[in-house]
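Before we start, here is the structure in question, set down as structure tokens.
First chain written, first letter: the chains are A, B, C and D, and each begins at residue 1.
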């Protein structure tokens, strides 16, 4: 049986906090805290903490990108130098360390940056992961709480929401 | 709730934004959205004046470049040994300009200086566009610009590669990395704002922002990853920015030319870069504040802080500048010493003294609080500082090439001609054209961060109370 | 043409075919497309043409009268480059910049390619038939001209061209061959003749231990600069000879001197006599001159001499001491000493030193006697032009033939040759390129370039033995509408005396016959054809011969009371023209390589300039680039000032050869014509124009322009140790390895 | 494969040049000796170079802007220090033929972004015209300033018909936007080497010379193969105690050989012989 979503909009953080607390304490059947998503106009770490630890893996991408960029960069540059026909220049060794260090450093950063962005998009599951339950006022100043739950539980959740002066409660249409 | 009207912005600011505060904590979030979005719709007339003037200037540059392209670089009156003229000098200038964006967005972000939030977006845009302008000069100065791709290390069956030993290749790599990273950083930090634009736009613009905002909905997972990634990018950007201008300095420091072969060049260049960037931020701050009616966000206290930062960097630059002279003077390298004396007494001496005056003496204006808060003065001073910094770059290139190791090929009276000046002027047109376009298409003030700033300050003041 | 015998027909065929290819490469290929010419495959090329391989042919350089042997590098029928011919005793395989630029005479874009005839004010192209019809109508069989009614005006000329000209004149019962040389060495030659018995002694520069030169620029614009440079190189090797130069304005030779002295122009003779006086104090020289002279010389004590010449008195004793110490030595007089009203006396006084020092037979010799005196060059003079000008003014001259001379450009203002030319009813010029004189002629015939024509040459300065230099085409003619001088002259001669010349179908046949006739002199057993082919291959026919003995005529030296130079309040500056080794009298100003070749002393290009001593300039507040008006009694010119330390402070100097108005794109409008400000001062003895005796006044015009030069803002090494100098006594030249002495 | 090449030859790829006896086992190392006591400053070499190497005549205006293209130029100095001694240059002028020094450790080679300038196995500092993009960094870094840039499209203006027939077909005519410089007449060297290789021998001393050396009326320029012990150039270098791989020569005081700006560690291939002046005169 598929789960459905419901979204409630709150005017401020305090109300949203209280709504989540009540949700957590309600022991609804099949309800998991991981199914709760907060949508907010600004980053609000305190609010997110209430939803439990949600790990971030972006750093791993960064590390991989940086290491890859540095090592592959150096190898490619050095082997390109070693195979270039016109090798000898200015009495310097064919594979000189200082210039290659500079270039390695730049590639280290470049791939670090690119992989960070890539990792972040992967973590967001964007641009594919677009919930239809969204209200433009979230991007202004409202807080949205999105819950994914069994269709039978939805009314109960909406009930809890309604207790905390929500501006609006939205459900998935056609279900 | 504040209702700003076009006619009395300044009046309102005076009434509602206390002087001591960076921003009014009571400002409504909806108002922030409204003000910023309005700036993208209806700027003052001055916007169009500046935009058209930039376009005209850019056309002049394009004309000169076409002329030069068709005739050869001789059309620019370059010669042996004045092989670079204004092109490389202006190239360094633009590269330097790009550094302040990183300073404001990355360094101050890491240090949690939240007053940067209303102004970092345009500073970052400045970084990106000045890098693009600098890149133009790399192309403009080439004798055979149509073969510029030889510098790129692309795989080919002939096993021909660029010369990785050349500081120019380091440059190309570093600038490429920096430009890519800056665009990533700028775009990345803008995603929540793009979502706001998406939510408010109509028609094709909605599609445009919809595409760019990549489905941002402000969920907690998005925010968490965003926070980490943004901080990581900031951490990358700082060493990158330092490396970029050190590498540009290496173009000279690694060479043999007396007057360039100086160990302190990399930090000197970085300081100069931050300096000219900060001065440019002041200029653009004043312009944007007026053109887009950002008086409530780009407030006088923020300008004041920027000015103080500029002064501090000016003093760092002054110190490194003096160190450069001192090491040439004190060191036993006769050639470098002669080159220094030539700069101070030779053909280009007036410009050398002007540069020292503008770079080291004029910033003392920033010491006075009353002057810091006087916009016309700040406008003039910030422009003067950048004139000084441009002269610094001119002083690095022209007198040094005029006075190398080989006395027979010294030049006594080389001056740039109209083609070079036209292209340099065109670069300013190109930059401000792009910049103005950007501010029209994208939010020049970070809405979500101003909200954060307001929120945190509000919470803090509540806690204090 | 290095190792093989070439049949002449083959040779020309090769050149013909490859010449066509050159046309193809250069001018498009319409003649081939239209079928007018055949395309021959290079897959089976003719002998001697190897695609991609340069072949060398010997010839003779005609850029100056030195007669250097040259080698032309030819590839696929195109002449590419000239190099020295190692078989030539004069050039020894070397070549100067002027010689190199010979290819630009040949390829000059401003060359005359068709005959031109006057129509009213302008010259219009005409066909050769028409041109020759006009020429033969005037100078052909029907011509009634005779004697002085006809004149041939040329520059220095030798060999069979000279012979043919003489024969042509002879057919008019005329000997009126006027040889004009704007920079003529007449005065010096006359002094040599008077003192040494020969006009042009051979200098053994390499044998001298000390050379004292009074303005003799043997390394620059001398009579045989390439040969003398080679001698100079040996002179500088162990045991190293010392060069002392005394002159008012530093020449290239002066710039290479161990010691250079500035002297007031015209007082060289006084200084020489002062030296003579000083030398006679030594016992061994005491009897070198007669007692009268010795007595007269007593007036030339060092203080008097110093006062007159402006050279420090100690220098006189020092030089005299060195001359005494270092023997054999060589004392040379040069144009700067000779170009004065008393120039002959100056030169004679200088030559007297050689007699006192007994340099005869050691460093000075006579030239070997030439077996073909009819081929030896006629030396030009300005006096010849003056006389021609008088004849023209008097209306005596009915026909004037101008070959290789440009008096309209070089004649001073007081010889108004250009204005008088209109009094000559028929003026014809034979040129490779239109110049100022040719433009005033009625008929101008385009000549083959020296790279396309045959010829023989005898140098005026024969260093050892006797050389007959052979000039041959290095490539096919570039322009079909050009003809050789010899062919034109032969055509005219056939008109005048059909019987005498019918044996010669063309000039080539004539010159081949003439040269092979000389075979017995060269004591060879080869056949006529082989002899001719060898001559072509080597580019030179050499004959050893003993140097002629020199005579001693000390009495020819006039020792008057020491005369100081009279100063002129209206024209306070001495004017010393400088002769550039490459532009000479301006005939080479149309060659771009030479225009762009910096003047060695000032490094200025493409221009005229006024050299002025820095102290004088400082007094007059003149900066480099200030435009000065240099005014003499006869005219004035304007040029940029150049501060030049190597000049006597009361002297200004300007180069000759620039300021053309109608000599092609590379010459026109570059600088000013300095010939036009010469004062009418003549050597008292020979009557020759004194080139170094002009007085001028300098006026600032207030205008300023950049001097176009290679030199930067400094002419000093700034402690960079670029040119390091070692004292001669420290250097161990004998231990060095050198090609020059081997 | 490239990576294995890198690993296998790592030590040879890390060799710094020049080192002692670098050319001992090689066939060729071209070098030159210029005797400043023999040089009279006559400019014959300059013109010979124009003829041999297709150098364009730039004209008065371009020359005045410092855009001349003389690969070899004769410099004329009036004094050694920063001021001229005395009223007249009474020891004559100081002439210096300056051309590319073909440095063993050339500053220009390191900085070229595309590797258009590099070092040949013969020790020449060569310029690949069709690789050059015209950044002019090499020129900026050349201490001798002997690199010349094509500021204009010279082929269109320097050789009006029929002057272009003179162009040496062995030498490229350079278009606008590329750097050029003295090549030691590499076209002659290549030809001579090819001929010698066909005949199974090494190029003999004096078999090939540069155009400047060939023209020089005083034979002040000597060109040859430093790798050939018996060549005149090699013997002169040895006699003058000049070591290619040394940046400061330890030599006897009375030896005339020196290299210009040697302390910059460019290791030039041209040895100049000091000008001599008789101080007694």
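Following the convention adopted for this analysis, a contact is a pair of C-beta atoms (placed from the backbone, for glycine too) under 8 Å apart; a residue touches a chain by one contact, two chains touch by 3 or more.
What you see is a predicted model; the values in this text were computed from it and never measured.
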Between the pairs B-D and B-C, the one where more C-beta pairs touch: B-D
Central chain (distance from its CA mean to the mean of all protein CA atoms): D
Distance from chain D to chain B - Cα centre to Cα centre, in angstrom: 43
Centroid distance [mean C-alpha coordinates] between chain C and chain B, Å: 66
Chain A and chain B: spacing of chain centres that average the CA atoms, whole Å: 31
Shared-contact residues (touching 2 or more other chains) in chain C: 706, 710-711, 716-720, 722
Shared interface positions of chain B, touching two or more other chains: 160-161, 163, 165-166, 169, 405-406, 408-409, 411
Contacts with 2+ other chains: residues of chain D: 68, 73, 75, 77, 96, 107, 110-112, 115, 261
Chain-to-chain touches, reported pairwise for every pair that qualifies: A-B, A-D, B-C, B-D, C-D
Chain C - residues contacting chain B, complex: 706, 710-714, 716-720, 722
Of all residues in chain A, those that touch chain B in their complex: 37-45, 47-48, 51, 54, 56, 58-59, 62, 76-77, 80-81, 83-85, 89-90, 92, 96, 99-100, 102-103, 105-107, 109-110, 112-114, 116-117, 119-121, 123-124, 126-131, 134, 136, 138-141, 144, 146
Complex interface listing, chain B residues touching chain D: 71-74, 77-84, 141-145, 147-148, 150-151, 160-163, 165-169, 172, 251, 254-257, 401, 404-406, 408-409, 411, 414
Interface residues, chain D side, partner chain A - complex: 2-3, 5-6, 9-10, 12-18, 104-112, 115, 117-119, 128, 267
Touch list for chain B against partner chain C, complex: 334-335, 338, 405-413
